[in-house]
Amino acid sequence: MAIRLTENRYGKSHVRLMKVERDGARHRVTDLTVDILLYGDFAAAYTEGDNSQVVPTDTMKNTVYVLARRQPIGAPEEFGLRLADHFLTRHAHVSRARIVISANPWQRLGEHAFERAAGRRTALIDRTRDHTSVEAGIADLIVLKTARSAFAGYLRDEYTTLKETRDRLFGTAVKADWTYHGTAHNFDQLWQAVRQTLLDVFAAHDSQGVQHTLHAMGEAVLQQFDAIEEIRLSMPNQHYLLADLSPFGLDNPNEVFVPTSEPFGLIEATLRR
Amino acid sequence: MAIRLTENRYGKSHVRLMKVERDGARHRVTDLTVDILLYGDFAAAYTEGDNSQVVPTDTMKNTVYVLARRQPIGAPEEFGLRLADHFLTRHAHVSRARIVISANPWQRLGEHAFERAAGRRTALIDRTRDHTSVEAGIADLIVLKTARSAFAGYLRDEYTTLKETRDRLFGTAVKADWTYHGTAHNFDQLWQAVRQTLLDVFAAHDSQGVQHTLHAMGEAVLQQFDAIEEIRLSMPNQHYLLADLSPFGLDNPNEVFVPTSEPFGLIEATLRR
Amino acid sequence: MAIRLTENRYGKSHVRLMKVERDGARHRVTDLTVDILLYGDFAAAYTEGDNSQVVPTDTMKNTVYVLARRQPIGAPEEFGLRLADHFLTRHAHVSRARIVISANPWQRLGEHAFERAAGRRTALIDRTRDHTSVEAGIADLIVLKTARSAFAGYLRDEYTTLKETRDRLFGTAVKADWTYHGTAHNFDQLWQAVRQTLLDVFAAHDSQGVQHTLHAMGEAVLQQFDAIEEIRLSMPNQHYLLADLSPFGLDNPNEVFVPTSEPFGLIEATLRR
Amino acid sequence: MAIRLTENRYGKSHVRLMKVERDGARHRVTDLTVDILLYGDFAAAYTEGDNSQVVPTDTMKNTVYVLARRQPIGAPEEFGLRLADHFLTRHAHVSRARIVISANPWQRLGEHAFERAAGRRTALIDRTRDHTSVEAGIADLIVLKTARSAFAGYLRDEYTTLKETRDRLFGTAVKADWTYHGTAHNFDQLWQAVRQTLLDVFAAHDSQGVQHTLHAMGEAVLQQFDAIEEIRLSMPNQHYLLADLSPFGLDNPNEVFVPTSEPFGLIEATLRR
């Protein structure tokens, strides 16, 4: 039976870019890591070693820096849209461009000094000649609640040893990605507002489990932001085990915990309007 | 417009297992990290906080250790099949189990002493009530060739600055995953043979580019192993830049290179018979 | 010539502790990772395999959780002092205890919800029967300034290719450790104030080089805090390379930079009053 | 009280170098990461921002590539000696050079193809105008023994819960550094032989504890290699916990273990002839 090349794609990953924009003494910094993947008519490079249709990944890297220079960089989503547009416009044999951007947050210390904050903002542009998808996201948003978190009433079988609890620590590193309707929004403002909504619901929710809170967080985002048509949430359950102090004649009224990094629960869902 | 929960799944990740099996003084160790994801009728946990159908992820963890004790562990693919089978058999409301296993390789130092080797072996079992998919893979296989590697004849545009070369260093960390026909094979023997084929082709190939060598590696695997129906390869191009010594009055006849970790090229393809 | 055991020490590392303290609905969390090293009369365990004087590292771990339960945890420095004191008091053959603590910062989202912030706070207690040293520190404080940073007038030799600059990006991950006089201070308040001083000087300084700014930061801390007798600073110079856009007919007036992670400069100094 | 700069040093870290040396079609690769620290008369750069005595770290990086080109690279220790010598010879105000080198091991796949192996080789050259110290080392040597490992007879106190065992898994990531007499040895051959000795003793030793085996390993190295005057060993005890299967009606005769990454024991010692 013949062997077929059924899918292929290639690009440049981890192109790092820092852009400084100045309004007099007041500076603004944009710190992005860009991944580019192109799809198209590249089969001959694989099957024949014929590179004549291959845009070198080094050229993709150069393109990032050129486009960053040509105009104000804007939101990560906007920069990604310009990058995707460039490759599709410039090269007729490119059928699809997928741009993933991770932005480091910097907090202002002064006019031209900054401190790196926690977490990351992400953007994904997936563009073909017919369709453009714009996604935004947040990663490494590490949160903890020390009340209003239960886990009980679950299914028990012969391998169940877990104890029910009405009061546990609930810690997670939220990863959220959402898809916008269309391609023109105030992306910076929306991102900040979605982040705040996720935090607010996490903090206030009477959680019956990670699934329950994850759903409430996603639902609130869809309820509040018409611009968003779908949200995907991934929330590891980073367990805090209650330390057993009974061998030492001590009780432990939910005070002393052992954080563990593995294993961890992993809860994921997609919500759509 | 109503909000719908369109997809959900959950499970336990990074369950670490070391099993020691003894044939007299001669020991054998199996060192696995297991991720379990279940799909099924779990919506009420998300929407209502009703956990009555939720198999706790703690129970999943216990199940790994119980199944590891009950019989010889076998190949990672076989252990994954038993795990997937357990969840589908035991719980009628589970519709799909996805088991990802990463195995650390240990080289024998003696009857009961071992040294950890480089790289990882992976397995993925994706099982529903109608279908079982068995994949195996290799990750972190870091290789380098210092001859028989060119990159020339590529497309040039206004952002191209890369120089053509007939003799470059070609370094990559191969990630390969392949899908087997059916579920019964000598998985250990096949895995070793596929690994050797990938290394042999990488070493011998007259490379016109990463795409070219990646294709040759995948093609060789499909040609030699009837049990495999599809292979997916992901090969970052870990660049080695020729050091520019001309400011110091020195040439550099492909001898002194600067390894770089970012940015890197990323080349991916799927081959199928 | 005889072989001698000239130094030995052992302990438990990465003991993770989360303590929740409640003032009604308002909770406070302390998230520490503790490393313990003991020195003393342990030679027979090494030379003879005689463990009779060995306090198991598992016991050290238990001790962390017991001491965390017995009283309010206080500042990391105070908890470290209690731990060191315990081992020296309880075991006559222990001559020295070295406790290293890393604290994760959590920002309050509400009465009992928190978000993990960037950076880490550290403490080191080194105690013998005669002397106690208390050090505090800050790690992973990532900062950037986009003005007031020059590097010029340096020594030139035959291997110098670097261009002088009056206006560069200066980015670093500050690591600072300082030694207190004595063992009784308001450690939490001092730590916050030292952190603020380091940030303020970094932001305002007219930097002639990393060495210059590092010294100004250390000097300001010693000037402002009588409780501190010595400070050690380690500041990697995380380079931002100006992107060369001349092949594309573009200038680059200090706007578009390529952040690099390696190689990096490393500048270190100790200041003492 | 006046503030004094009591110590300072600076340099370039993580300078990555790959050198290819060719004997016809047969190639040899040397893959080093180099850290350089200089000590000397640099105080004015700190206190005054006067850089006139500062050798830029960029120049140090260039020097690595120039020296790598000028002659066969030799052992990491030899390359480090040449680097240290360069800075001391070229700059009268440099009083001390400290060169740390980490070498990645590559196994041969063919005449000019290689696979990266596990572990790292290290070298440290510390040179002043009066004295040169040459150290070699091995890092990330991950080993495991499944028999001949006990831990019993240890000190018990009120916080002891650990059970004695005559048969446990003993896993560690050996870090060893040793100091040579003088500066001229067959460093490559010695390194391979020391590594083999460490592995042989680890595998064969009847271990009463990590301390016991660490000492036996260090002692064997000093006994067998006259060129070595001191060895320092650091061995984390990477715990494997016996899985408790009794809730499921199963025994566990030392077969099923849970590897844990934290906390871990840490055992360290220095042996000298």
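For clarity, chains are labelled A, B, C and D in written order, and residue numbers in each chain start from 1.
Assume a residue touches a chain if its C-beta (ideal position, glycine included) is under 8 Å from a C-beta of that chain, and two chains touch if they have at least 3 such contacts.
These figures come from a predicted structure and were not determined experimentally.
Chemist: Report which of B-C and C-D is connected by more C-beta pairs in contact.
Modeler: C-D
Chemist: From the C-alpha centres, identify the chain that is farthest from chain D.
Modeler: Between chain D and every other chain, the largest centroid distance is to A.
Chemist: Where the centres are mean C-alpha positions, what is the separation of chain A from chain C, in Å?
Modeler: 30
Chemist: Can you check how far apart chain B and chain C are, centre to centre, with Cα atoms defining each centre and the answer in Å?
Modeler: So the centre of chain B lies 37 Å away from the centre of chain C.
Chemist: Roughly how far is chain C from chain D, going centre to centre by Cα mean, in whole Å?
Modeler: Roughly 23 Å, centre to centre.
Chemist: If I count partner chains per residue in chain D, which residues reach a count of at least 2?
Modeler: As it turns out, chain D has residues touching two or more other chains at 16, 62, 66, 159, 161, 247-248, 261-262.
Chemist: Show which residues of chain A lie in contact with chain C when the two form their complex.
Modeler: Chain A residues touching chain C: 16-21, 25, 27, 29, 31, 62, 65-66, 68-70, 106, 109-118, 141-148, 169, 199, 202-204, 240, 243, 245, 247-248, 250, 252, 254-260.
Chemist: List the residues on chain D that touch chain A in their complex, please.
Modeler: 158-159, 161, 247-248, 261-262
Chemist: For the complex, give me every residue of chain A touching chain B.
Modeler: Touch residues, chain A against chain B: 1-16, 35, 37, 42, 45-59, 61-63, 66, 90-91, 151-155, 157, 159-162, 207-212, 214-215, 219, 222-223, 230, 236-237, 261-273.
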